[in-house]
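Here come two complexes built around chain A, the first alongside chain B, the second alongside chain C.
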Partner chain A sequence: MYLPERYEFFCPVKINSGKRALEQLPFELDALNARKPLVIAGNDAGEKGLVGVIIDAFKDSGLAIGIHDGVPSAPDLRLIRELFNIYRDRGHDALIAIGGGSAADTAKVLNIAVSGKPEDIEGCAGENLIKKPLKPLIIVPTTAGTGYEVSKYAFFAGRDYASHFLMPNLAVIDPRMTIPEDAVTTAAAALIALTHAAEAYTGAGKNPLADAYAYTAIQLIMENLVNVIGDQRDKNGRLSLANANALAGCAFSNVALGVAHKLGKVMGDLCGLPPGLCMGMLLPRVLEREMSEGGYHIADLLLPLAGFDTYASTAADMKARRAAEIIHDLLKDLSAANGGVISRIWKDIQVSEDTLQDIAQRAGVNEASFDIDGCAKILREAREGR
Partner chain B sequence: MDMPAYYEFCCRVKIISGHDVLERIPATLAELTARRPMIVTDKGVVGAGLINVVVNAIGGRVDITAIADDVPPDSDLRIVNSLARLYREKGCDSLLAIGGGSVMDTAKGINIIVSEEADDLMRFSGANALKRALRPLIAIPTTAGTGSEVTLVAVIKDHEKHLKMAFVSNFLLPNACVVDSRMTLTLPPAATAATGMDALSHAVEAYTCLAKNPLSDAHALAATRLISDNLLKVTLNPGDKEGRLGMASAATLAGIAFGNSMVGMVHTLGHSVGSVCGVPHGACMAILLPYGLEYNMHKNGHLTAELLFPMAGAPVYAATPKEERAQAVIALIRRMNQELYEATGGRHARFFKEALDRDGREMVPKERLPDIAETALRDGSISYNPEDLDYDDFLMVMEAAWEGRPLDTGLIRKG
Partner chain C sequence: MKNFREVAAGKKSLKKDYVAVMMWFMGRAIQAAAAVDMAARKEFAGMPDGFTFALSVMPNGPHMIIGKDQRGFVRYKGWDPEGKKIDLDMKIKNIEAALLLFTFQESTTLATARNRLVVDGDVAHACAVVRILDIVEVYLLPKIIAKLAVKRYPGWSFRRKYLGRMLIYVRSIFGL
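What follows is the complex of A and B.
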């Protein structure tokens, strides 16, 4: 078993998962020394009934909560100012974000402001520039959550943040919040998580603790994603995926960023595609390339992907190849399970040679086997479905 | 993989692990805005020269404000109180706990008193009685076994009132643990074997008992693998740095696993043998582990079977028919005990009849088995065991574990 010479791992996120998990919120806030949380949600959370569930969870608690459920998909600094004033004027002492995406990013960046002053959000943009713990932050993931929401990353108004202090104190994964979403959203979220977990398991910074989170995430995705895409009524499957996505976010926060992540993210941005679908289609190809360059942890990836029996019965020199095949197969099964919508997106991707070069450059991958030409080649192969 | 209807998982301890990580202590204290730590340790750690290793690694970059090295092998309320006084007198602002389970428990106890400005520790015993963060505590384990560097529990004994107080709270999790292979290099073979089997019992019970969850499972599997790969190696060759790091990581992983999924009858009986006869915890775990798996086989044999993969490796797993895997795991654990017995010149006991104290006296006289069974009935850990046990069941298991013979499957209750 691989053990680095030295490693560090930090995951401050407590996980409460399962039936009536939200009803634990008053108790958990008390443990965080907070009594008056401000709930932040996207502008579609209300109509999906998610805000109502949170309100119900506080019904018997005697606690007063504030709710802002108008976070748009691309919020700006004005929203932070507005929420900062609400937080301060109404005496809030903690933040709860429902779902991933912009609501979680808003809560994280707002947390920088309310833990200090609004101007801090400029000075703290970048890597590891937050120097002390922030106010209590709780994330309530939904099916669309990619795991970013529990990670150390935040993206807001053109700024990127990375700090362990941005990770929430608690993630509450409740089946009432992991509601059915459309197949593309569900698949894209899970494929981001799968990419993060697989690259944590095989890449730089790998360590036994991050491995445990990644291993669990990969297993849960492999056991549930195709089923859920085929039948969104699979409640247990959706809960399992939400767990997987959150755990992948924890692993991802403790390792270096991988190539499929970097390329997929830029490709999604430049081509207007869900980044998860980009990362997913790139992942097996990146692994194949790493394999041919001697990437030696890829064989181990077969274990969480396929389980003890398949791992044990696959010849040692075939394990890495088999791992990549299984991810290719997963992508095919996803397309099949959902009547071809996902595969049509993949098929319809029109990436010109110029854009492709642009992605390769902007992704900032700087590894021996992945120079700009190498990256462009992977992107070309993915585009052509090879 | 089964997703439990409800589970919680928490390990907010920053984990710093490797061959040369003690040097990270000053930076870690600084991150916690601590400047005046008190070192809590015991005479054994000092005698092994390990305090010097830590002090040298810190290299004058931190004002070590107090060093308390009189923690007894069994945590003691009086010592906790007196060390808390020392902490206050010297104006310390944080704790460095360097040692095994008792040192960690003691440091956690001191931390409750100095953080809560309490005089009566009892007021904070039980589950979730603590309501806020304590002073910074960094745990530096010198055994690879207890996992206390990542657990939320502390046990403090009041020897005057014959009371054992248990404290359970996420606030008892250390802020960081610094797990350095240098700290276990001098651990003698018998202690290495016993503490290593303690870690294995954490991993195995976490994986096979009732409160498991997918994330604790992954920690348990990794720990089991590392112990199977390294325990015999480091017992035979204590200076094996790689092996020591493997065991240290295993103990941390196993600690996280059982801290988040609880344990079962192996611990129930182990606590009881410890409290009735004073047998070291790790030795009890080593002896009892195969019996716990045998007893619960009809309930969790499918889970025990899966452990053959990390214990024996993929080829053996694949070559063993499915229905024989659980028995193979039990046989492997017994073989581990046998090999450790040989590697320690007979000091690693394989069954209770063999457990001897320092003067060579039998530690578990057969006539004490009923007391042990009686004590086990009052231990809370039994509620996470897959199959029930009453007094007769406990006694039946203890008799077999005393003799060193497998359980008579006909005598196991099947609820």
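What follows is the complex of A and C.
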């Protein structure tokens, strides 16, 4: 067991997961001293029946709730102004975000405004610029995502925010809210979580607490992802992946961002691809590169990836290589499970040499073994399927 | 503002009524079990005379109140906690959690482990109440359902189980 000379770990988010988890909301709000929450939901939440589930969860609570179900996929400051006025004029005292990353990011940024003044939104953009605790915030994820429901990050209207005060008080993962999505979206989200967890488990910031979250996240993904891609109605599988996302998000909020994450995010943005697919494609290649540079924690990754039997039966000097192979195998299984759609996306990626260099430069990778040429080499290998 | 609306919390009357009826009958069955069953009597013997406990659903009930009087007799004291001194309040966090419990989809032990209950009072006495609830459920329910509702289904003698079941049902119906 690896114990660094010094580490920090911070995760104040309570996670409430499983059957009828939403019905605990009135109890949890009471514990947070809140009586009138404002629910913010994506503009498709109503037609998907998610708003109805929330209203039902509040029955018998005696609480009145405000519901705004008009958060678009790319919200802007006008929406924040509208929500700020509603929050202030109607006497709300807590926020509940229902939906994917855009609803969660909107709620996080709105929380900066309602906890102070609207101008703070501008002043707090950046790293650790929020100086005091915010109002109670609860996030109910409906789509597998980037761990936004537990993370300290928010991205809104071109601004990046990072602060522990942005972390919600509670994340509620209820199987009724984890709605089936198309295979590519599910795979992309799970591969982001796998990348976050694997890089937390093997990276420089590795520590025993982040390991516990990352280990469980990797296990849940390996046990459920291929099944869910094959059958989106697998409710338990979807719930497991939603838990994996939250756990990976906790680990990821406590370690430095990894190379596969940075390269995959920039590649996704520049090439118009789901960043998760890019991260998944890059992850085994980044691990192989780290392995060749003596990254010994990669061997440990084999245990959550493949289980005890494979770990025990693999020679010590082969464990790291086997871990990377298993991720390659997972990617092949994912493609097979959805009729090759994912592998076709990978094959169709048209990235010129200039774009590769651009991605490598923009990613801001600063690790010893990953200079710009090293990053470009990995991107080239991934493009050529090597 | 076109996407905004304010919603008042509705009611779950049917579910609440079902749980209230189950609690009413369970309360009377606990009173009966304290008179009929040795193990239940022993659990109550560990509680001080005058001790009152309640099983409640948050935030507004229903409630089931059981008390041990000064002479050591166990009485179902109704559903209204108003004006009663409750020494131990076991609160189920919401009506849906209560429904899982009273439709026997989840045992009391499992509901406690899953954090669906809040105990306000002495934990040792709360554990005794959970054991009493298990005993009563074994008497009241057929084995196939009771196995879901209790932690471990006991291997009672034929006499204890069926004679006890008959006595408890009769006493519960007539409130004896």
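Things worth noting here:
One rule holds in what follows: the second predicted complex is superposed on the first by the 384 of 386 C-alpha atoms of A that agree within 3 Å, B and C clash if a C-alpha of one lies under 4 Å from a C-alpha of the other, contacts with A are read in each partner's own complex, and residues count from 1 in each chain.
We adopt the following convention: a contact is a pair of C-beta atoms (placed from the backbone, for glycine too) under 8 Å apart; a residue touches a chain by one contact, two chains touch by 3 or more.
Note that this is a predicted model, so its numbers are computed, not measured.
In the superposition on chain A, A:Glu82 contacts chain C only, with no contact to chain B. Look at A:Tyr311: by the touch rule set out above, it reaches chain B but stays clear of chain C. Of the two partner chains, chain C is the only one that A:Gly70 touches; chain B does not reach it. In the superposition on chain A, A:Arg20 makes contact with both chain B and chain C.
When both complexes are overlaid on chain A, the residue A:Ile112 reaches neither chain B nor chain C. Judged by the touch definition given at the top, the superposed model places A:Ala248 against neither chain B nor chain C. In the superposition on chain A, no contact is made by A:Met279 with either chain B or chain C.
By the document's definition of touching, of the two partners only chain C reaches A:Gly62; chain B does not. Between chain B and chain C, the partner in contact with more residues of chain A is B.
Applying the stated touch rule to the two superposed structures, the overlap between the chain B and chain C interfaces on chain A comprises residues 18-20, 30. Listed in rising order, the residues of chain C touching chain A in the complex are 1-12, 16, 58-60, 93-97, 100, 114. Remark: chain A residues 18-20, 23-24, 26-27, 30, 43, 55-56, 58-70, 82, 86, 90 touch chain C in the complex. The touching residues of chain A, when paired with chain B in their complex, are 1, 3-21, 30-31, 33, 132, 207-209, 211-213, 215-216, 219-220, 223, 236, 239-240, 243, 247, 308-309, 311-313. Against chain A, in their complex, chain B makes its touches with residues 1, 3-12, 14-21, 24, 33, 128, 131-132, 170, 213-215, 217-219, 221-222, 225-226, 229, 242, 245-246, 249, 252-253, 256, 306, 309, 314-315, 317-318.
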